[in-house]
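Presented sequentially are two complexes of chain A, the first with chain B as partner and the second with chain C.
Entry: the complex of A and B
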């Protein structure tokens, strides 16, 4: 492991912010969007510059400011952080393109505020990915909560307001009520909050009971991870415009939640120490309950975005379950699933938005025959569902394969059953949509031939992410290598 | 250098002299305002040598000492000095003077000259309180501060100013009387009024346990009213709501800190036994203040009342930090004092600014302003976020340190504080979000002007401090740490850190980790 000081992590966090003054001052919408793209590409490029080094085992570090003694505001780019950055930064570019089509297609108001908050949210997301210690991560985590609030309440109607309040209640309540005290307990025991390969609690006199309490506090406290019963902000937050749901509620916000949980389990509490106290069953058990419950609820949802939301809740817990198995294969699978699920689920959200822009439909029973009018969208939807279900030729297969192996290695066959059953449930709530979209008689079809595909701005992004989902099956190496490096420590 | 120049005396007598001059001045309101502003700026310049001359490395217990006989037959001396904690409080009091003048520039319309005379006398008295090292001198400043504050509320206050000012006066006076009794008792037993001498005697155990208990109770009532601790807090919301902006700012930023300062300067060092005996009760009351203040703040529709109750909760963190007798907790207490002074002061200034526009302090008359007053809401957002301890901003540092102390001393104290932290987020978010995006927006809002230059000038330095202390509290901490170490000398450390600083702890931990890894596997010291 080579440590190298570098300014690039900070630049990657600042790049999204750099565009905000430009966005706010632009009089012309095209100029404003040019600023968004410029900062999106800059952010991705800055992360990409560090990728080869990270793949060679280098860690880039930067201490910004000493805050509390022994707890500086510090950045570190390691393989796990890089994996997350490689997911969130390229998807911002795609989502920006999609946002333009969607927001203009629906003539949404307050677009400048929307794009500025989006940039702020991405900055916070990269910050979480590149944090060197729990305090820095907590800072960016909270920053993300507040950056996304205006996005969730974008429509400023009573429904958005109620959802926004719920969103803050769960997210901020969880972080202050559970994650903050857990962080302080860890600090007062270990005297440090740095992410270390062994965890920071080795050598302290922590017992199994307190360790279990900490695990629970962190998993529920990072409520962005949507672990039940702290999940109900996520379906509520679906009132946001679809690109927000897509990037933030399939990628950035929710993945920041699971990423934080994964970071804490591996870098703070320590995999070996968790295994020592036999806490695997507790972590994976919490996740398993969420997976099955969320999948069952998803079956019964009529609104497409709500079904996707519950599917997301289930899929997020896959990641926690994978890491909670505490075997190398399981942890690798969980980490890779961050990427695989992101590309699959963002495709699905893009499709849901495209259907809304193109056909004005939100409810699944209204979508019979839509595949004939919007073939590209529904094909992409099909690919996205396959990836989320985890069927070969899509990236999602890869991570599930690893997780199943991990479950076998740990000897906890029950989690294998959970994974398989939930895959069936995933198929049960996605495939009928696709089936009814394409296979119906002309009489059954609810759509006139005038209904066409959504604007090209919407279509291109969802094709890109669908193709990437397939490509990841054949070339998963970047993400797999990063995850394996993270596991080896 | 600083032995030769009586900087502390200058800080006290310069504004007093200026107040005297101002009284006999003839001219327009503008002249009075700008005169006071210039005096305020010069006062800040006088304080500069205090900041730069303060010895950080191996500091002597008291710096900038000025000592001369005053009334020798009674043993009274004119004795001024500062240590880390009083230094910060003096800087805060002095720096607020020009800001208060600026924020009252258009707010105060009547008796402008008298208002500024009061402000100047207040500042002198505040500096005096924090610098006095003679118990009677301290008491004189303590009482002297009452009159200008009473006048600020009673003359320039809102419709119920009589009630509020009398209540403020009576509460504070009731406490002060007992404080005087304690001072005389100390003189009777220790036959000196000098605080350093009395502190040394207490350290040697000259005071009996029952004596300590009674003096502790007498002094602490005065301080608890001033802080204010639940259930002695009822004067505070009344006073805050009725006081003019500058009055509220001084009340929140400086006056409340006098109580906490009293605990740290007198109660703990002079009555260590009494403090230890009473600590469980003080901690219980502190936690009650945190939670009670938070809940009541959540229910307020008057912005000033909401911030007033939030002060009760924040000051609960301060007293909790003090009475845990924990190094980090104590440092946190002083940081909360300082940060609360900055943030709450700023919030009260902003409430004053919006009151000048809407002529109402109700949340519901000031909603949906994000669109019309973006700069105003931007500043308000910064201070509101900081107020509930957003990481990376100043209040977080103090609250986190108090929480570290609480969790380290007793897990339950820590857990009991957490609802308070959540409530803080709840009421500040409710306030901030309603003001920024609330529906329906105030109809007159679109006619209101955004911040003008004067408002930018007094808000920018405070916003800068929010981030400076939030991101780089190192310098401030170096001032604070030795004075807390001194206060806690002779106290049994309640935490598992055993008085070790966190940096030591981290080094030990790193070594332990290295050994553990060297043994090729896990070694858990006492888990099994």
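Entry: the complex of A and C
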């Protein structure tokens, strides 16, 4: 392991912020969007520069300020952080393109505020990915919470107000009420909050009981991970414009929650120590309950975005389940799933938004025969569904395969059953939509067989992410290598 | 050598300034503001240079003998890192506030600018004096200077201000009397009024009944003056009905200075040995502070006026500091002093934001805040930053003092004081209630007035609210202080170094002689 000081992680966090003054001051919408693209590409490029080094086992570090003795505000780019950055930064570029099509297509008001808050949220996301210790991660986690609030409540109507309240109650309530005290407890015992390969609690006199309490506090405290019963903010947050749901509530925000949990389990509490106290069943059990319950609830949802939201809740817990197995294969699978699910699910959200922009439909029963009108969109939807279900020729297969092996290795066959049953449920709530969209009689179809897709700005991004989902099946090496590096420590 | 005169300059500059301003107001009112700024700037510069000097020579304090009279007979000013830091913070806060609120003073006190600035300087003199003095009785005198000018400033406010200030006057006088009575008992026991000298004598006499009586009287007096719940009732009305510039001076300054006085009494006068000699008392104080935090947070929920809500938050924060000081460990004490610094800055931001809003809006009742984000985007942006600090989100300074307080609470709890855990719980609860409090305001300002009908695209039509910001000087000062919240947060470790240089020697018996020698010279 080579440690190297580098300014790039900080620049990658600042790059999204650098565009904000430009966005706010430009009177012309095209100029404003140019600023968004400039910062999106810059952020991605700055992260990409560090990728080869990370793949070679280098870690890039930077201490910004020694705010509290023993707990500096510090950045570190390691393989797990890089994996997350490689998911969130390129998808920001794609989502920006999609946002333009969606927001202009629907003539949404307050677009400047929207794009500025979006940039702020991405900056925080990159910050979480590149944090060197729990305190820094908490800082960016909270920054993300507050930056997303104006996006969730974008429409400023009573419904948005209620959703915003729910969002704050769970997200900020969880982080201040549970994660912060847990962090204090860890620090008072260990005297450090740095992410270490073996965790920070090795050598302290911590007992199994307190360890279990900490696990629960962190998993529920990082409520962005949507683990039940701290999940109901996510369906409520679907009142936001679809690009927000797509990038933030399928990729950035929710993955920040899961990423934080994974970081804490691997870097703070320590895999070996968790295994020593036999806490695998607790972690994976909490996740398994969420997976099955969320999948069952998803079956009953009539509104497409809400069904996707419950699907996301279930898929997020896959990641926690995978890591909770505490076997190398399981952890690798969980980490790779961060990437695989992101590309699949963002495709699905893009499709949901495209259907809303192109055909004005939100509810699944109204989508019978929509494949005749929007064949490209629905094909992408099909590919996205396959990836989320985990069927070969899409990237989603890959991570599920690893997790199944991890479950076998750990000897907890029950979790293998959970994974398989859940895959069936996933198929049960996605495939009928696709089936009804294409295969229906002319009488059943609610649409004329005239092709009329959403605007090109909306269509291109969803094609890109769908293609990437397939490509990741054949070339998963970047994400797999990063995850394996992270597991080897 | 001028550098030896900083402790005196600090007091003399605003004191003389106050008289000159009063005279100038008869000549021409337009000179008053400049004079006030100049004299306060002199005090601020002295306090900052003093801080630099004293940190350099820590742990030995700087002792300034007024008139060259030796203690314990003469009055001496005593400056260590602890009060040098508080002096610097108070003088900076009051100077920034003075530079900012000029337009608000002109609007709210037309024709009385001269007397306002004169009283402003007198109030600052009194508060700085309380912090710098090393003499227990002199502290009482300065307490009265601070209080009397404070009553006058607050009483100049709106229609009901005079009545609520009268209430404050009664309570304040009772508090000051308790303090004076306590000092009397101390004098009976020790025959001295110099703080360090008293401490030296008390180490020989021990905690006699007289000393314990003195201690309880002094602490009760100070707690009344700082409005610790449930002795807080005078504060919300007095501050709410005061004018914006008066409340943005008094709110960041008075409670913080009184907390400093409490800590000084605990550590220097009675010394940790006597202060923490009775565990039940210590534990009760922590429980009381916890009750203050939760009680005031709940009271804040009942407020329907922004300024009233802020006053309840202010007294909840008093609980933070009192609780931290009584945890009985270094971390908690560091947190309490750090919170004096951070809370002064945060309170200034909140009250300046309220001043900006009061300048343009009809009132600060919640119903009148509708559309504030559209009307005053900059003010509201900085208000949000201040609120985030109050909630305790990093990297704003509010997080870091809370961090130390929580850590101190956990340490105290692990050391067997159950109140430590209770204190932690109340801190977390109060942060959560702050989220509710501030987002309730944001909701009103962000969502209302509600949309009327929908347009062609199905989007609600929101009423157009033209932008109407407060004057640039007001918003500029607000911006400066709001940014300072983040800067203070990032420099926490440096501030903590200064605090520890001040607090640790007071907790370390081996350094008592050094301090005693520096004060008495014998």
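Criterion: the second predicted complex is superposed on the first by the 485 of 489 C-alpha atoms of A that agree within 3 Å, B and C clash if a C-alpha of one lies under 4 Å from a C-alpha of the other, contacts with A are read in each partner's own complex, and residues count from 1 in each chain.
Rule of thumb we're sticking to: contacts are C-beta pairs under 8 Å (C-beta built on N, C-alpha and C of every residue); 3 or more make two chains touch, one makes a residue touch a chain.
On a predicted model such as this, the values are computed, not experimentally measured, just so you know.
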With the two structures laid over each other on chain A, which partner does A:155 touch: chain B (first), chain C (second), both, or neither?
second
Which superposed partner A:5 touches (first chain B, second chain C, both, neither)
neither
With both complexes overlaid on chain A, does A:142 touch chain B (first), chain C (second), both or neither?
both
Can A:196 be said to touch chain B (first), chain C (second), both, or neither?
first
Looking at A:273 after the superposition, I want to know if it touches chain B, chain C, both of them or none. Which is it: first, second, both, neither?
first
Is A:441 touching the first partner chain B, the second partner chain C, both, or neither of them?
neither
With both structures placed on chain A, which of the two partners, chain B or chain C, ends up touching more residues of chain A?
B
Just chain B (first), just chain C (second), both, or neither: which does A:107 touch?
second
Considering only the touch criterion stated at the top, classify A:205 as touching first (chain B), second (chain C), both, or neither.
first
Between chain B (first) and chain C (second), which does A:30 come into contact with in this model arrangement: first, second, both, or neither?
neither
Footprint overlap on chain A, where chain B in one structure and chain C in the other make contact:
64-69, 73, 135, 138-139, 142-143, 146, 150, 153, 156, 158, 161, 164, 168, 172-173, 176-177, 180-181, 184-185, 187-188
How about chain A: which of its residues touch chain C in the complex?
64-69, 73, 106-109, 135, 138-139, 142-143, 146, 150, 153, 155-158, 160-161, 164-165, 168, 172-173, 176-177, 180-181, 184-185, 187-188
The residues of chain A that touch chain B in their complex are 64-70, 73, 135, 138-139, 142-143, 146, 149-150, 153, 156, 158, 161, 164, 168, 172-173, 176-177, 180-181, 184-185, 187-188, 190-192, 196, 198, 200, 202-208, 272-273, 276
Would you pull the chain B residues touching chain A in the complex into a rising list?
385, 390-392, 397, 400-401, 403-404, 407-408, 411, 414-415, 418-419, 421-422, 425, 429, 433, 437, 439, 470-474, 477, 495-497, 501-503, 505-506, 508-510, 512-513, 515-517, 522-527
Would you mind writing out the residues of chain C in touch with chain A in their complex?
388, 391-395, 400, 403, 406-407, 410-411, 414, 424, 428, 431-432, 435, 439, 443, 446-447, 450-451, 457, 459-460, 462, 489-493, 496
